[in-house]
Each structure stands twice: as structure tokens, then as C-alpha cells.
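My questions will all concern the structure given below.
We call the chains A, B, C and D, going by the order they appear; numbering starts again at 1 in every chain.
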Amino acid sequence: MPMVTGVTRERVSVGVAGATGYAGQELVRLLARHPHVRLVAAMASSAGSPQRPLPALARVWDDDVVPLDLARLSSETEAVFLALPEDASADVVPALLERGRRVFDLSGAYRLRDNEQRTHWYPKASTLPDGSVYGLTETARPALPSARLVACPGCYPTPALLALQPLRAAGLVRGDTVIDAKSGISGAGKTPTERTHFSECHGSVSAYGVFAHRHGAEIEQELGCRVTFVPHLVPLDRGILETIYVGLAPHADATAIAAAYERAYGAAPFVRLTGDALPTIRHVAGTNFCDIGWKVDEAGGRLVLVACIDNLLKGAAGQAVQNFNVAFGFDERAGLWA
Amino acid sequence: MPMVTGVTRERVSVGVAGATGYAGQELVRLLARHPHVRLVAAMASSAGSPQRPLPALARVWDDDVVPLDLARLSSETEAVFLALPEDASADVVPALLERGRRVFDLSGAYRLRDNEQRTHWYPKASTLPDGSVYGLTETARPALPSARLVACPGCYPTPALLALQPLRAAGLVRGDTVIDAKSGISGAGKTPTERTHFSECHGSVSAYGVFAHRHGAEIEQELGCRVTFVPHLVPLDRGILETIYVGLAPHADATAIAAAYERAYGAAPFVRLTGDALPTIRHVAGTNFCDIGWKVDEAGGRLVLVACIDNLLKGAAGQAVQNFNVAFGFDERAGLWA
Amino acid sequence: MPMVTGVTRERVSVGVAGATGYAGQELVRLLARHPHVRLVAAMASSAGSPQRPLPALARVWDDDVVPLDLARLSSETEAVFLALPEDASADVVPALLERGRRVFDLSGAYRLRDNEQRTHWYPKASTLPDGSVYGLTETARPALPSARLVACPGCYPTPALLALQPLRAAGLVRGDTVIDAKSGISGAGKTPTERTHFSECHGSVSAYGVFAHRHGAEIEQELGCRVTFVPHLVPLDRGILETIYVGLAPHADATAIAAAYERAYGAAPFVRLTGDALPTIRHVAGTNFCDIGWKVDEAGGRLVLVACIDNLLKGAAGQAVQNFNVAFGFDERAGLWA
Amino acid sequence: MPMVTGVTRERVSVGVAGATGYAGQELVRLLARHPHVRLVAAMASSAGSPQRPLPALARVWDDDVVPLDLARLSSETEAVFLALPEDASADVVPALLERGRRVFDLSGAYRLRDNEQRTHWYPKASTLPDGSVYGLTETARPALPSARLVACPGCYPTPALLALQPLRAAGLVRGDTVIDAKSGISGAGKTPTERTHFSECHGSVSAYGVFAHRHGAEIEQELGCRVTFVPHLVPLDRGILETIYVGLAPHADATAIAAAYERAYGAAPFVRLTGDALPTIRHVAGTNFCDIGWKVDEAGGRLVLVACIDNLLKGAAGQAVQNFNVAFGFDERAGLWA
């Protein structure tokens, strides 16, 4: 794959499949105004879907949302963003790759490399395609330009991995890892259910998926260790904040922690280090930033990390576009900055 | 119907049909601890419904919710509270009345007296039963002891009527009446829909049912004049606040307004007059109160009324129990006060 | 004032005063990434203010917020955006104009042209400067290129005027005008008060300022008629939705209403007409759009308009930037679109 | 202290000091309608405080809130409830005890028995009074009838201790204990601050007090082991949900866990065990219940507990009244049930 730059080529033709869900709408919003993108079509999640307008995107993307059309994606686009249910993604990805499209998949279908794990959680994703990259942009940068399929990370793994990987790589933490995640309700998708009914969520907090959430498997794959991961729904729309409890390695201290983060993210445009001023969802909602703060108890050998993102941007559509930018050689911030 | 009192008889046997909805659960919560009630059964909305537990009511009402059973309601209860969909109510009410039960109906089925109006909005409610009373407690008190069917008012009409009736009766207002209502989402019921999906409601406000809401017909029936009524969903769970715009009659002034309200509600246990300190939902949520405040522009001939209630209590289950208390001769506050 | 274009000149040097409030932060966020702006300084609201960082804007604007410095604004900028308290604005505006700066004032100080009205609501704004324009962009476009001072409209007047002016201009409405406004809490500013304390607002709605809100005077000035305007706080952060009640003129009908709006806003980049699919805050939050929908009761001679905006964007910082774009000859959408 | 019962004596004369805060208002609301209480006075937090009405309590408690008056509390009441700032409590408690009043203190002043710990967190509480009891009702029952001072537990310790104590007593858990707490904003009190400003909290979650919250010391005192406790503010008004991570002791399993809880709380009127159907805030808000659920990973040796309460009831005013009921020999549910 020859590197292309924003200078040498103006716009890449792209398509979006699954444009009516929350992440899909964010993709359309971002791509319709991306300086290096020509958005060819916003498609529904299936061939039979009736066309639906997206009133929230009037004046931004006024075209119809058309039924899913693999032939058209293959013939008219160079890159395809998929915001489909995982089973649909598992179906569509091989076909698109075969026809030479580069695919940015927001579903979990091809995130897990171990076949047993993957088919346990995503039964239809039987074979991991060649040229797959797990697309946590900050660590995937070298691999993205040649990637054929970018499996964009889940919303919960994104802040957990960004917070933990630099410390684990530097050998600064040890012992059990507890990840207590608080997520806005948009993470549960656009389909009305009892769990996401306003009156059930408002004024409430609930834990779910304890010891049984596929994002736990994804985090464990990338970290290479066991984690205890408990997601919660909190009464807000967009954003995830994770509080992470780990032990401090014997030689580790606050200075080493800060240095490890600075090394990892000093030049990263979308990771902001807040030090011991802990971050809040409010400052990342509506942005592609991941904010990370931490508190060190040197005497007690404990460390608490707090990381947060907008689940639909850095946790979904934003990170996919960030991956696209790196993959195609554009400024990593293109279309995400303003 | 001989008057009975809290002294002479201890407990009335009652049943609830439609116990799993939001208003139904409130009924069970109130009646299970009502000092003059023996709650015989909490029933689902239909005969075929599977039994469901009500986890929110553990330790308050631990019995199963049983399928709807008219025979049992007729043989084991004296009074029945219905929190059913309007069509189900329209079916069930005549059967229960025929068997001699006193019925407190929370649905709209039998609120409209005009046959054309009623069958327009509630097609299944073809015949208005004898002994029906429109149960806005504060005005229905004299009629309740002999009522067979109490059609409890809708959530939107309740504050509008409590605020407007004393002024209209005293001839203090004139001209157009605009009622702008803001309702919490629980008013839309327990069934998940796109409209009540958390992410669609959070951070948003929307108007609906403009010129086409059956509660407008109900308000117009009781006031005897045209109103322009627009309901809105606001992002909270429980509560309605209505802002009402009317013209001041030539001779009317702030003193006369206050006097009319004081006459109407000075002795009403559940109407609180806040004068020109306008009321807020926060102070009525979780209570059976209706708070009413007002601002008078004497020079401009204008009047703004603000009235609010908890839609599930004074707007539904609470007012039904209040009606029951008056109908059976108990203290109006029994079971509603603590 | 010679017209300048995005082609002939690249960037205008601008300063922001009052950068720490909610509207001020939005200005910094927008201007720091505006393609035709060089943001020289983000200043506090007063000379003595200590410098404060803006953690929410890390990576967007990392400079300190410096104390207010009129000399520097005069010497280093061409245009100044003021997000100051009204009294501070009343002080600062004449000084900046005298030194030749073009001023975009977000406060109310110089919105009212009538001296008596203006000094009633804004006592310090004794003299209306020459070259002042009331900056509702959609109607002010012709006047903006030569404006010295642009008094940007209040958050409440913006949707009311955009919804009502085309209909009044076309003679399609008559009779009383009632404007019932529901505003998110950010409209009350950043200073903690009992009214804006989370626990007082959550789950509640409250009316305030009845017959006594200066935005009522502003709306009446622009419409040239009396309005009954009642603002409410609703439990959300950003956004205003206004429900407007007017009478239909004898010859007016749904077709004429739609045509009047289409004429007024068919080419306006930031007004979206939703027809009888009424708009909601959710679709405008985070954008500079004003969405307008309407319902016509031809038989009853009534009209209900619903208009909504993001109060910090189209109701404050966004409209100020939009005015700047028109004033300096840039694309009206520059810096506001992505 | 002779046991008294609801049969032999009708009403205990009580006073409330600190009646205008959120917990204080709940006390007034509960005590004004308590069947065995005569509420003598609702007092402010200091002698100089101006009298303020409590509009939310109209028709429930219509008396003025009077300035704090120790003499009157001593002469006219038998029991006093204190909802004062901790320093004020530290001052007032010894004086009231000396004059023979029984005191139910909602502040933290006298919760910590270790002098060093107590004076570290509550410097004014220099001496722990004789006859003090840490009033977690479920474990304090035997001690309450003879208690002079009941130090009612903090809102955060209450669910943590109720969830952990039975398991620790049975030797079913081991290893580190992590308590991740999510609290509604009312827990931060009634004084407006930047942290509790609506726009700062809405749509956000934030951690605070990491390794430095006095409730951590309180939990450690009662459990006798180190805990890692991190509180968070979540955007709701009332309620706390705690997710607790512990290791499973070698012999422990799901059956043993359930049995330990059943033994501890089978007869407790205000603890509800939800098993592996995890509890949510929604079901406890507005009640005095503590709901506890759990998930066991037997193979992995891990246990996740979830416990939740209404912070102003079981976490403050409700538990104080529950303690009062036990202390005076009334039904534990009196005044809390309906």
C-alpha cells in the first residue's frame, strides 16, 4: 500500500454501512465534512431496509440513506466504514476485502485474534482475515498504513487500554486489575429496550455483564493478563469514565508513572494527561479525546487511574476516522479537530 | 350507598388490575400499606399474562402479580382500581359494575360524557355507565360517596383544571386559554419506544400532540371553553408543570385571584397555594400535592398560572386513592400522607 | 468598510474578553480553530482576575487566560468578542470602538435602541454607539459588513425572532403572541447559585421572570408588538426550545406559512425548516442551527410554532462567529460547520 | 434506660437541629408524620440564623424554622436529631448529653472511636462521649436501647458495611477490598459550589477524594481491614450504588455467600437481598431500603457485590429514625414504612 498524503491526493471515496445507528450517524456527520473524504453513500444495515431520512443531519448530509449495497460499495468506494451489528459485519467484511476495499469495522466481529475466543463471542466471525489490525490508533500507528481490515476497538477497551498499556509496558504495575466502567446510555445502541427506557435509567445506576462481557475478553487479549471488568449504565447520554485499580510495582513511584505516560502520549493529538487533577466526562463529550489522570499511593503500593472518552467518538466513529487518517497518510486530526 | 367511616369499618377489600405499569405499581405501593385497605390481589393487564414479580416492591408487596381474573375481583373485592390500557378498561368496567363492584378507573375510557367525543377518542367505550363521576377530587367530593364508577382525571387535565376552575367560576378570566404542559417521561408509560428511549429524551425537549391530544378534549369538557393545549416531554421521570396563559377579566385583580383560590382550596389537603412564588416540580414529586402559583399583570390584563403535580400520584394513582378515601368516608389523606 | 474575502486575506487577528464563562469558552473553542482567525488572546472578565487554565480546552487552546487588557486588545487585534457581564461590556465597548476595533458583543448592553428601555434594563449602557447593529444574522446580513458594534441577540430572542419575523412580515399572524421558552441550565451562566444547584434543577422544571425579563423587551423591540414571554429552566445543559402561540390571520393557511418560511430561509445555512415534524433540542445541541417547525389549525385560526437552538452556539458564541463571518466577508459557515 | 414501647407511651418529644439542609428536611418530613413522635421544633444550624420557611414541606410542617436553641432542646425534648455540619455537631453533642438528652447525630463527628483518627478528620471532636454507639442499625440493635449518643453512619459506609460485614464475619472473603461508589449529587449537600453546579454535573461523572476521604477511615474502622475506596459523583439527585470487589476465600462458594446474607438479613425489615439479579438505585430511591446483590466467580476466586441505598434516607435521615425506633422500643419501621 503506497503512502498517500493530503498534499498529493485530495479526497478518498468512502461509504458508510449502518448509517442510522448512533455510531453510524456520527460517521456520516464526520465524513460528510472531512476535508479528504468524498462520502459516496450512507447505507442502512441491510439490503431490504427502507430508506430513512436522518433529520439530525439535515444540511450536513441531505441524501437518502440507501439500502445496503455491497456491489456499489465495491465499485464506487476505496474505503468502507461499517457500523453494523456484529453478525452483519462478520458477513460483509470478507466480501469487501475480497473486492479490494479497505475496511474500518466498528463492530467487535474481528477484534479477537484467538479463534476460540472470537467464535465464542462472535460465532459468525469464523476466520480472521489477513491484514487485520486491532485499531487502537495510538499503538496501531505503524501497522495502519498497510492494514486491509481495521478492527476498531470497543468503547470500553479504548480508555482501559490507553490508561494501562504504558504502565504495563514499563513494568510499573502488578497484581490484580479491576476496571469499574461507567457508561452513558448511547453505548447500548438505538433500539428501545426496557434497559434503555428513560424512566428505568433516569435517576439510577446499574451494573451488568459481570464476569461475562466480551469487552473483558478484548481487554485481556491486549493486556495479556486477567482483569475484573464491570460495566455500569449511568444516567447520561454520551461518555465513558473508567476507574482502574492496580497495584504499584515495587520500584514504581509517581514520577515514573508520569514519565511513562508522557513518553507514550506526549505527541499524541488525542490523548490528554491530566495528572492528579482527575478527568471528567464533561471535558471529553463531543470530542475525540481520551483524558487520563491518576493518583498514586506510594506508601500503600496502590494506584488509581481514571480515563474517559466520548463512547461514540474516540470509542467508535471518531477512532475509526482517526485510523482512516493514519491509514491513508492524512493529518491524524483531519475531520476530527474542529 | 350508606356512608361508612374509618371508625365503623376497618378495611375495604380491594383489587388492582394492571399492576405492572408505572401507575399500577404506585397503586400497589399505596394500597398495600393503606390503613383502611386489604389488598386482595395485584393483577396483570390481561388473563393470559404470565405472572411477574415486582422487585421494586419487595417487602411491600411480595405476592405474585396474577393474571387478570374478573371473577375473583367480583367475588373477593368491594372496590377495584383499574390501571389498564383504555380499551381493556372499556371492556372490563361494565362487567365489574354489573357485578356490584365500585370501580376507580385510571384510564380515559369513561371520562368524556359526550358520546361523540368519547367514542372518537375511546372507540370501545360506547356507553357511559350510570353512576359515573369525573373524579377530580377537589370538585367531585359531594358526588363521590354515591359514585359507582369514578373516572379519574388524566394527568394533564388535573393541574390545568385545579388552576383554572376557581378563576372561571368567579368570572375572573376571559379570552383565549393557552396551556403549555411539560411532562416527565413516566407519563408515556412503561413500554419502550423510540420516543421514550433514554438517548432520545436526555438533553432534549419535544412538543407533541399539537391540536390532537385527547386530554385537550377532557379539559375543554370540564372548563366549557376552547383551550390551546400543547404537551411536551422534558427530561425527567416524574412530574408535570403547566404554564397557563389567560386574559384577566376587566374587574379582576391580584386580590380577587388570591381570594378565589383561597376559597376553593383553603381546606383542601392536597392543593397548596404558593402565590407569586411560583411552584416547581421538585416540591411535588413523590407527593399527592398540586401546587399552584400565579403572576398577575393588572395593567396589561394578563395572568400567568403555574400548576404542578406528580403525574403518577395526583395525576394517577394518588388521586384514585384520594377518591377512594372520599368515596368510602375515610380521611381524605389516608394512605397518602406519610 | 471595504469588503474582504477569504481569498484575499487569510486571517483576522481577534481577541476574546470573558473567556472563562460558558459562552466565552465556546468562543475560544470556535475561534482557536477558525480558518480565517488568528486568536491573539483569551482574556478574563477583569484586569485583576488571576490567570486560570481552561482544562476543557487543552490541546485546543493551551495558552493562559490572561487578565483583561484593553490596550493589548486595541493594539494587537482587529476584532474583539466580548462575553462579559453586561456592566463590564457597557464600559468596555465605547473604549474599544474609539480605538477602532470592531466589536462583537454577546452581552445585552447595547441591544435595545430605545434609550429609556435600554437604561432601564442596562443602566450602564447610557449611549448607543454609532454603527451599532442588532446582529440576528439572518436579518442583519446587509448591515453587518459596515457595522462597528454588533450587539448579538440574546439566547431567548434568537429562536423567537427567527420563527416569528417571516410570518409577521408576511401579515400571516395576528392577535396575542405567547412565547413559552424552555432553557437548559447553562443559560444561567457559570456562577453557582441555589437556582442552578444540581439537586434543585434535576427532576424539576421552574418558570421565572414572568412579565419581568429583559429578553421580553428585546423581542418586543424587534417584533414591534407586545408578547407574553415566560422562560423556564428545564433539567438539561444546553439548548432552548420555544413554543409560540399566535393567531392565524384571516387569509393565512398552511401553504402560505410554509412559503413565507421558505422565502426567508431557503438559502440560510443555519436555519432548518422541519415543517410539521416538530423539532427537538437534541438535533440542534452542539450545532449553530435553529430548527423551526409549525402546526396550523386552519379551522380554528390558530398556529403553534416550535423553534430551538443551542443557547451557547446560535444563542451566543456561534451566532457571534456567524456575524463575524458575514461582517468580514467570509463564508458564513466558516469555523461553524465542522 | 427502661425499654418503652409503642403501647405504653404514645409520643416522644423530639427536636431537629439543622432542619434546612437536605438531610434535615428529610428528618422533618419523617418526624412530622411519625406515629410515635411529637416534633417540638425544627431548628436552623446556628443561633443567629434567620428563620426560613420550608416550602417543600408546606402542609407537612408549616411552623417556622427557628434559630438553634440548646436550652429549648434541653427543656422541651427527650431526643434530638442533629443534621449539622460536623464542627457544629462536635460542639453541641456534649452539651445536649450533659443535659440528659438522647442524641441521634447524622454528622461524622463522633463516628471514629480512635482518638487520633477522629481528631484527624474531625478536629473539634476531641473526646468521644460515654454511651456512644456507631449506629448501623442492623448490627447496632442490641446496643441502641441504652445508647446516649447514636453516631449514625455516613452515606458511603452504610451500603459497604451492610454488604461486607456478613461475609467477613463468616470468613468468606480475603485479599484486597475495592469499593467503587457512585453517588447522587444531593450527597454533596445544599450549598451551591462549582462541583455541584448543574452544568458541571449533568452529562458527567467524576471521581474525587481518592485515598483521602474520611468515609474510607470509617469503613476501615468497622471492617478492621484496609479498603481502597473511591467515591464518584454521577448525574442523579438521590442514591448511592457501590460496586465492591473482593477475593473469595478458598472454601467459599455461592451457596455459602447466600447463606451468610440470609442469616444476617432474613429478618431485617430494611435490607433486601436480590441475589444475582443486581440491584439498582431506582428501586431504593425514596425508601429506607438497602438492596444487596452479588456475582460469584468460583473458578476465578472472585466476588463482586453491589449494594445501594437512598443517601438521604438509609444513608442519613431514614437510618437515624430507624435507630430512634429501635432505641425507644418502637416498631423498627415506624414512620419509615408508608
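Here is the rule we use: a residue touches a chain if its C-beta (ideal position, glycine included) is under 8 Å from a C-beta of that chain, and two chains touch if they have at least 3 such contacts.
All values derive from a computational prediction rather than experimental measurement.
Enquirer: Where are there more C-beta contacts: A-D or A-C?
Expert: Answer to which pair has more contacts is A-D.
Enquirer: State the chain with the largest centre-to-centre distance from chain B, centres being mean CA positions.
Expert: Looking at centroid distances, A is the chain farthest away.
Enquirer: Distance between chain A and chain C based on Cα centroids, please, to the nearest Å.
Expert: 35
Enquirer: Centroid of chain A to centroid of chain D, CA atoms only: how many Å?
Expert: Those two chain centres are 41 Å apart.
Enquirer: Mind pulling the chain C residues that touch 2 or more other chains?
Expert: 184, 200, 202-203, 235-237, 282
Enquirer: Under the touch definition given earlier, write down the residues of chain C that touch chain A in their complex.
Expert: 33, 55-56, 58-59, 203, 269-270, 272, 274, 277, 282-283, 286, 289, 335, 337-338
Enquirer: Using the touch definition up top, name the residues of chain A that touch chain D in the complex.
Expert: Residues 175-176, 178, 180, 182, 184, 200, 202-208, 210-211, 226, 228, 230, 232, 234-239, 241, 243, 245, 278, 280-282, 285, 295, 297, 300, 302, 304, 306, 308 of chain A touch chain D in their complex.
Enquirer: Where on chain B does chain A make contact in their complex?
Expert: It is residues 22, 184-186, 190, 192-194, 196-203, 235-237 of chain B that touch chain A.
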